[in-house]
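Each in structure tokens, the structures are laid out below.
Consider the two complexes below, in which chain A is the common component and chain B and chain C are the respective partners.
Showing the complex of A and B:
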């Protein structure tokens, strides 16, 4: 191991202010909707008003005659385009406007382009369609729905669950349901597409610009090198930006056909049907245990909603296979095709739902056994991955429980339901475990040190608010031995070295390892230059025996014998020196360890009005093992943000589909409720554990684990407060009356 | 593809109702000829290039477009541009003083009161007005009176901390 790598680093890195903060607080950070190009026209979408059937005829004449209208695309005149790639997340969405078939309410059926946004919007309302409607399937449990069995090949069967269930001293059977949720980042998704000949430049709300580039190239049959996708600031994603959606392709298609740059900004209602949502589902849990709380059986099955076409990765039950030590386990996930818009991963996909069921069931088991819920989890803790017997690369879950219980004051809890009260408020304490396995993909980065001694590091990643700009600059500054203000990290441009998506809690680790590699190679290049120079104090010093401090490379422990980047470049008459780095996800079998994701323990106090059923979250303590934390401030914000998302999911969020028409009945921010400031108490966040042993940076990713466990902790606290076991999300006050 | 070629040569279109409007934004007057349907939000963004004010819903439900009209916070998406004539419009671009950022902006950075940053201009415009309204007296009050500004990233506790600090330092006196 080189000395650069082996320098001792703290678990929790300094809470540095975001480097992009000044732009964000002054309104100068440019989001996709903020870009304009000369001569641009404006697009507006027309969406279907039936959920199933076909279009018999489009009526576009009135729209075409409306003021300012440049053109109207429908399936009758739109050019056929290719479908995008099959990525690690699955197949791309079907191409837009390719036939007369309608598979969900709110499907794009026309695209109107006009000189101004007002004209485009007004003309879009003039487009009419004659339909031949068929009866839509809208109920997840409709027996007519086609089921996809084990769609991800992740179903588990271990041991003999039937025999173990028959012999278990205590058994439990429960059904849990979770609602459709909609990502709803505050930034409306926007696309601005401009062609110059066969070259396409696109500003797009995306968490994965290189994938959008590939998709556009395949759509229009042009080389990837002819497409550039830019997204320096995203405006929130939460998963909605992980695909090249039909409206993106449509905007580029219109720009090509009409020979004008075209800009489209989705409306808030369109955000409910155009960019995915968290799918609803039903989960069936069967648990068998000994009387002293040893888990013998976990049988976790799910049915998850899916659209008629397209696909979604959402294995609700999968983590039950490794969350606890349990010899007999079945996990099975099924998807049901119904006439809804396609779901897509939303912050903590699968875990948000699966963990709600599992951790609620464990609370129920704890009550059945008369055992403390923390104690039950301690008894079933596992330090090895039950799937393969390998030790985890890092798992400080026991510390999470211990620290969390202490900070929360768990010992003050009287376990009897309805036993704690503050005036008319019933007080409840609940807890849950959380885990989120990170999803890493190959990444590349390029690092340059310039003649003035400053560094520029680049990769085609995005910063969706997680702090990528900041933590990558911090990592590069650390590796290069430069002050942070001498390092700039650029991202959001598909022309830069390839990056994985900002998703799956994997970017910080995977990209961090690529940045780490690029910087190490760059230092090595500098050292090798100096090594050969008679005049250099580094002459003859082996490249592995150096470290970098204050812009100077020097032998380990001897800063007096160093030479600066500036001096080395000047002597060799170079304006800059560049190195490329890359990373690949570690392979468990090579490591001899199973890759641990982030872990956490969540402790929640709720208050329920005894008469009105009003539910308030009063306190949340989140203790997180996120491996090495690069920036205490931004990482804490990730946990806070996940917690707020979890509160929203548990108390409010419910995308309501009309059971007859398939129309989303609450597709506005006035009707689809999310947590607001007054819904959120002070949140306590603590990081514990050690740098993860799986990769060089030691991070695990903290973007999603903050949300996981909040729902069951609240539901368990509600049971403690009221004696009512709520197995359905969201928990609305009518359930508590 | 020829079916959707340019239709700009077609006559017989109903006239658009337009109006000349003078908007005073951050102390500077701008005279614009506008479709009467144009909101203050779209006039700021699309006509004046002041894109710091954000469109999050266009329905008055998210607060991302919060600006000040004569010092009071309003939703620019629910205000027609023509309604703002003759009034002092302040946007996020007008909040920073000559001597740098407003204390609320500094406090947002220090307390990490944002993540993706999209709602942030609206949050800051609300926060500045909230202090002027005398509504930053307690955390509970700040939470309540900031609840018209959604933050989907969930930065609320940090937003409260930032406003608490800015209010305690008398940030409302800083030039607004």
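Showing the complex of A and C:
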């Protein structure tokens, strides 16, 4: 039991309702597309209809003459702008409209601004381009494609895989493929840009406002302090909002050139080409093991699709280096540049795909060995990080298996394929392990207590539906000893203290630690004021020996000797007191621990009508070690949402590219299928484990781990049901006929 | 969306007259196809004639048939008592179509006239589409086809007619009532549609300025059993990859009467006369059903992406024949 655990108070962990819930359900929460400013004009994008080549000539005359049109930007008249920063995700996207080169179908080639959105859209259809088209590379495995080798420096090699493979009693090789997926948040991405002189204010659909601020400042060569990015609400992100996309720069560019505020709302089809997608890939697995299931070799290589320009962080194979105890490991990731729109992180980036291959291969190995799949995983469990030999900061994976198997009724499984049936339906049970690696970036927060004893805590974070507003208010209320309704947490403004992205399952931990730090410092400031006052009951009390209860600071265990925030401020004639806090990612070597990230075990029952190829998910049990859970309700929602995304990825989601033109052939919600309610059964979610020992708040982040493992658990259940091993996602009905 | 004129017609004759005046005008009913296509820039009618106020909403029993006004909604028809009691196949086909929100908007006349969901047709930036631009080719037949047609299809066009309801209605020999500028006429639904290999650009026999006013559905005999099976990846809210509307009259294990419609496979709602021919007078066995299913798909025309639909449609039909007949052996 850690010190964090012993300090736990009832407010944190409780499934309190979202503090922003009433605004959301009454429709008063303003999403980016809801904002307007006086005098604004509307933008519409014109996109390339070829995938490779160059623009010979743009025809904009008809659009310029169309009703309501204010201006048309193309590469021929657009001002040159700078490129944004290099971030943890890599270099920023290339600037829009900078030359005549076309690298993918749907590339923005013109931006039309008009008085109404309808006029802008109609005029955009009038813009024509003459192209000099070249043959696009559209197949990931086209031998002509340029390969980026080890693009993130994360390739692994340990032990002697060749020798171990030669000596392994059991070997297995298999190839797995995964499709392109599109994030498709419900909220269409929107940008509203307004200039006042050289000062720029932007409402944008972003998961990272401070990065958008920096990108805009660099694009237009103005100080960062002259740019303000506002994102109070986001209608879903799933990773699509992690970059300052070309359309964001274009909107600000048009507003500057035309001296009008400009608003752009992407269309649903444009959401498929403008804000990234999960890249497709091929993975080659080679596994060697002893007859009794001890892993000797894991050789995991991938080839991942990438656009001709720009970059994407997506190391499919990397987690295979530390998922299990295995002495001989190779992981290698390669990216192939082809003529597609740039991919980007989508919920559980890299793990969604890599874990599908690894956990499918382990199921295949279990069948080869005649061993229970859970037993195989237990046998290769590791409590230390195989990369550095350090113990994990928290890993309750064994408990995940045990609790999951029990709740699911795994022991009722007859392991023989096609052995379980219900009428026309073959029944299958499958399972998989899941992890999502620890991730954090530096984060800052500011806490203020006002004269009436209420608190405002702020950071330039976003709440993409995860519950950031709520859990940070809970944390601050706990640290400050205030009831929840006396604490407001505010976010979504780049003028606030710098926050990390809402991504990588990192925000709750990193921001939570910054909020924790800010609140502790604020309490200390109050205590120091009181300590120096002759009249204060806290006079002489060491600042480290206090706690806060009900808006009062008092010596530990002596609430009767306390003094309230209100009294301290009044005595010192202060209207408020503020403190800043920050957090940085812990360093494993300093901690003596490897940061664990979240773990989980997924158990799935499927039904397959083998004659018709129908596949339905009947039950899912997810047991998650998410460290300390700040809010049972929002955390559960995260796992449920991830599971639904996992079902969609496994059964339906496939961004289809026309093989000749590179046009996305299913860029609508009628054609790109996501899971609907009828596809989602009752989802059992259980949290296990202890607060993580590596950080002050003990959280791990649960945004991603809910999706990881669903695909292989389903595929493994399909094998159990049908005897068919499906190594390709999505598993559509034609694969099962 | 391009600017257009909007006119609201108050009676059927006026609507027809307004249509006749403008060869480029279109009708607006539920709007679930028309407005989509206008937003996508596929259709750009200069004038929309709103027909939703016309007195064509009623559903009533007339003798041995159900008379359905063209403006009745899908949800209204599904909730009709006669449909529930006598036309289970119609009810099932309706309730497995679209979503409840769409069914509350979409009309029966509009459902019959719905345009294909082919994404090559629906994206005007694709130059090759014989349906949009006769003679330009078919990008879908060369491209990423999956939900496309295999019956009535050819390299000229593989656009699927995606209606579920129409599949049940062709099997039931429904009749379309049409009002034109000069006269009214009726056309059996089985003769209403044209296949894409005949004329990709023209999908039915309706002339401009003709309006569907009603659909007449003959009620099957009390001895008939029927059902509609829709097969798709998603459990709800997806067009059929294959579907089968089956009506059987059985007597002592023999099939006295058989009606078969196939969906998800045809460039028009497909009446499988070949299957009916095999079934009628034969004994109700799985072997008969398989033979009937093979007969229906004999002339299928596939591309790599649609090849799976041939076995899928066969199995779908066999399954529904088994379900309706309660014969699994």
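In this text, the second predicted complex is superposed on the first by the 725 of 737 C-alpha atoms of A that agree within 3 Å, B and C clash if a C-alpha of one lies under 4 Å from a C-alpha of the other, contacts with A are read in each partner's own complex, and residues count from 1 in each chain.
In this text, contacts are C-beta pairs under 8 Å (C-beta built on N, C-alpha and C of every residue); 3 or more make two chains touch, one makes a residue touch a chain.
The structure presented is a predicted model; accordingly, all values stated were derived computationally and were not measured.
Legend: residue contacts after superposition of the two complexes on their common chain; A:670 is shown touching both chain B and chain C. By the touch criterion defined above, A:29 lies against chain B but remains apart from chain C after alignment on the C-alpha atoms of chain A. Of the two partners, chain B and chain C, it is B that touches more residues of chain A. By the touch criterion stated above, A:656 is placed in contact with chain C alone, chain B being left untouched.
When the two structures are aligned on the shared chain, A:150 is found in touch with neither chain B nor chain C.
Contact with chain B, but none with chain C, is seen for A:683 once the two complexes are overlaid on the shared chain. Legend: residue contacts after superposition of the two complexes on their common chain; A:733 is shown touching chain C, with no touch to chain B. When the shared chain is aligned, chain B and chain C each come close enough to touch A:118. In the superposed model, A:71 makes contact with chain B only, not with chain C.
In the superposed model, A:576 lies in contact with neither chain B nor chain C. When the two complexes are superposed on chain A, the residues of chain A that touch both chain B and chain C are 67, 118, 122, 668, 670, 675-679.
Looking at the complex, you find that chain C touches chain A at residues 1-3, 41, 117, 119-120, 122-126, 139, 142-144, 146-147, 231-239, 241, 308, 311-312, 315-316, 319.
Across the complex, chain C is touched by residues 49, 67, 118, 121-122, 125, 424, 611-616, 651-652, 656-661, 663, 665-668, 670-671, 673, 675-679, 732-734, 737 of chain A.
The part of chain B that touches chain A in the complex is made up of residues 1, 3-8, 10, 12-16, 35, 37-38, 42, 45-46, 49, 51-59, 61-62, 64, 91-93, 95-96, 101, 105-106, 108-110, 112, 114-121, 124, 139, 142-144, 146-160. By the touch criterion stated above, chain A contacts chain B in their complex at residues 17-18, 20-31, 33-34, 36, 64-73, 76-79, 116-119, 122, 183-188, 233-238, 257-259, 265, 267-268, 464-467, 633-634, 636-638, 640-645, 668-670, 674-683.
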